[in-house]
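The first chain written gets the first letter, and so on, giving A, B, C and D; residue counts start at 1 in each chain.
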Amino acid sequence: MPRLLLCGFEPFGSDSVNPALHIIEALDGQRLALPDREHGSVEIIACRVPVTRFAAIDSVVEAIGVHAPDVVIMLGQASGRSAITPERIAINLDDYRIADNGGHQPVDEPVEPGGPDGCFTTLPIKAMVSDLQAAGLPASVSYSAGTFVCNHLFYGIQRHLADSPIRSGFVHIPALPEQSLDGRLPTMSLDSLLEGVRTLCLSAMSHHEDVRIGGGNIS
Amino acid sequence: MPRLLLCGFEPFGSDSVNPALHIIEALDGQRLALPDREHGSVEIIACRVPVTRFAAIDSVVEAIGVHAPDVVIMLGQASGRSAITPERIAINLDDYRIADNGGHQPVDEPVEPGGPDGCFTTLPIKAMVSDLQAAGLPASVSYSAGTFVCNHLFYGIQRHLADSPIRSGFVHIPALPEQSLDGRLPTMSLDSLLEGVRTLCLSAMSHHEDVRIGGGNIS
Amino acid sequence: MPRLLLCGFEPFGSDSVNPALHIIEALDGQRLALPDREHGSVEIIACRVPVTRFAAIDSVVEAIGVHAPDVVIMLGQASGRSAITPERIAINLDDYRIADNGGHQPVDEPVEPGGPDGCFTTLPIKAMVSDLQAAGLPASVSYSAGTFVCNHLFYGIQRHLADSPIRSGFVHIPALPEQSLDGRLPTMSLDSLLEGVRTLCLSAMSHHEDVRIGGGNIS
Amino acid sequence: MPRLLLCGFEPFGSDSVNPALHIIEALDGQRLALPDREHGSVEIIACRVPVTRFAAIDSVVEAIGVHAPDVVIMLGQASGRSAITPERIAINLDDYRIADNGGHQPVDEPVEPGGPDGCFTTLPIKAMVSDLQAAGLPASVSYSAGTFVCNHLFYGIQRHLADSPIRSGFVHIPALPEQSLDGRLPTMSLDSLLEGVRTLCLSAMSHHEDVRIGGGNIS
């Protein structure tokens, strides 16, 4: 059975929860039926990732080695976004506005000295956005995963899998309603997020080539 | 058994759905147990309201006459808001940025010629916000219900019930996820909205005096 | 010569400057030629207002007594707004999210016990918005002046002048560029603000009746 | 005398003006005194760029050949931004949400087939942001230049100059006040923009190495 490694970050900053962690724990071990195949399903394997510059990549690299997944999807929280947003590109930059959970706060340092400036996702992100919207969920492509541990991990894993058939990428998700009780930030319910991530996983497994649908930004 | 008249608008403008309508239809006839009373519950009675300047108030006034509710809560959609927002004040102004569903588009006309400039809600809105947040739902007081049919109805009903023991007010709710598939606007899931409106109804029934909790804006 | 009392608040909260104060000091004593009259101009008289619940109204009432102006325009800063926004209505509510400069932080108290819930501006705000836009400046009507000292003063002066021929109202203005160096909030340059307030003053003097132009909000 | 090629786009989409064009025309031929050098100044040479996929890069490449500048700064309008935002990275992607001025609307096509996924700016963007803020102007680093002609040009020129000592990069600027008269979008005055771009030019000429100041995003 094909396997999908679903990675989620622990809480960080001033937040005591991270929706990514709730989601990977809820989906861990589930087998999702693949709609486009006559037989077969995909097994979801959860990977909990520390929000620490010098541990995040290693923890996912190790899980890839252990589980040999077909696809790796990394999830992180993006406070202030109102949609599920697959990321297009990881960049070779650590510039942390706050310290990570290990107390590290690098400025203008590379993730990988000498590495390329950017690495595109290898996930079918246009298909994922299209499938999310077809499920009634707000979704769009994002063109910046930030410069914190989310981007750090994303870049590290894209590099690790650069010559591998394993496809991988990062998806930012909105905060939970309970994380913005005063209503200043947009949120998405855990049920919607769970449905969305299930949809993402199936979409990533079903599309080996991405679809060509407009999804750009003017600026 | 006490009764709560729950009013919801039909779709308007470019939207083909209105979450307010889904909610009142889902809750119509339900009996919600009142947590603060030893015995008893409140019956929800739905009232569907046309988005038409010359019909909205009459339709709710008639329903009040028929059902003799203890409390009237009017629901409307506020695209762009990320929280459930009980409104503080209705104003004596019709200034429609778009035409209503009857084709009317007044500019700078009063709802009630000679009426007072503003009318405060008589609902316990601070308690409602507090109870919503305690339920994990984003909520805040709003200080403008706009100048469209929502405000028109709100003003008309506050005036109609000015000397009545029936308490009443307006609550704006976010758009549904399916109404903002590109993710540009914040949304709230129907499940969260249903839980929120149930919470609102119980809160309004349980608090005859509002609680005193800060909930203001600088500007 | 007709006189216009231009009131501006001192800095408050975490800000050490207030654009309103810069503006009234820059325009104090200026005589602006009235475009619509064959002869004549208006003299601007500045009034500096403390951001204190129990002093703000008195300071403007006293200045009105001393100067006997034809028009009173009160200016306050609204961080986060990108336009010059004449306010439509003052409400009878003090609900301070932060303490004022005197340390007062009332919650859900009236400005005037027993006063009406709301008081409309008596300035020609649609004409003012139209004239600002004609001058190339972003402008719109606002339907909430907040619940802090700005609204408190606005309400108090509208009540004080309720039976007077003196017309009065409040205008919120954006923060200055130097107040948002990280670019998170929109701003307006001091030059644009000065041009805008000059335009506002002339517009208020020139229009004894407001023009009828759409300027409402859906919600 | 050192030369700086200052490139600005023509209007596009629904806009009839582009602040970038106003700026380059106003600064064309000016000599700006370099503060950090005992003697000397930099000459600004303007380059007007068509918003057309198949002409933008060529027009700047040609101007570089003719003028042999020391530094190339490309300017584009980013509606909705409230700050001057030097861009960190160009990406190898054309995904146009609207057609360019030549009618082209590519989806998911590379700027340069086989080119690297991303190219960092070679301008001292942290120093530029710092100098802008020191001048009282809102500024921050941006991590996405979009996927339209701005990014297309940025990528093309970074690639063209990859092995050259000429340093280059892209800076997005806010819309002008006259472009957002209803106040829905933040804006920056032409005077502020002119001061900002002069500051940018001097900063880019004065810093051959960038300063190390935090300027990252969480997401």
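Keep in mind that, in the parts below, a contact is a pair of C-beta atoms (placed from the backbone, for glycine too) under 8 Å apart; a residue touches a chain by one contact, two chains touch by 3 or more.
Each chain and its UniProt protein: A, B, C, D = Pyrrolidone-carboxylate peptidase.
Not measured: the values here are computed from a predicted model.
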item: Shortest chain-hopping distance from chain B out to chain D; value: 2
item: Chains in simultaneous contact with chain A and chain D; value: none
item: Taking each chain's C-alpha mean as its centre, the one farthest from chain A; value: C
item: Chain pair with more C-beta contacts, B-C versus A-B; value: B-C
item: Separation of chain A from chain C, taking each centre as the mean of its C-alpha atoms, in whole Å; value: 47
item: Between chain B and chain A, distance of the C-alpha-averaged centres to the nearest whole Å; value: 38
item: Chain centre separation (chain B, chain C; CA means) in Å; value: 31
item: Contacts with 2+ other chains: residues of chain B; value: 81
item: Pairwise touch network: line, ring, star, complete, or other; value: ring
item: Contact pairs between chains, per stated definition; value: A-B, A-D, B-C, C-D
item: List of chain A residues in touch with chain D within their complex; value: 13, 76-81, 88-89, 91-98, 105, 107-108, 116-120, 126, 143-148, 150, 172, 210, 212-219
item: In the complex with chain D, residue positions of chain C that touch it; value: 81-85, 133, 136-140, 177-178, 180-189, 191-192
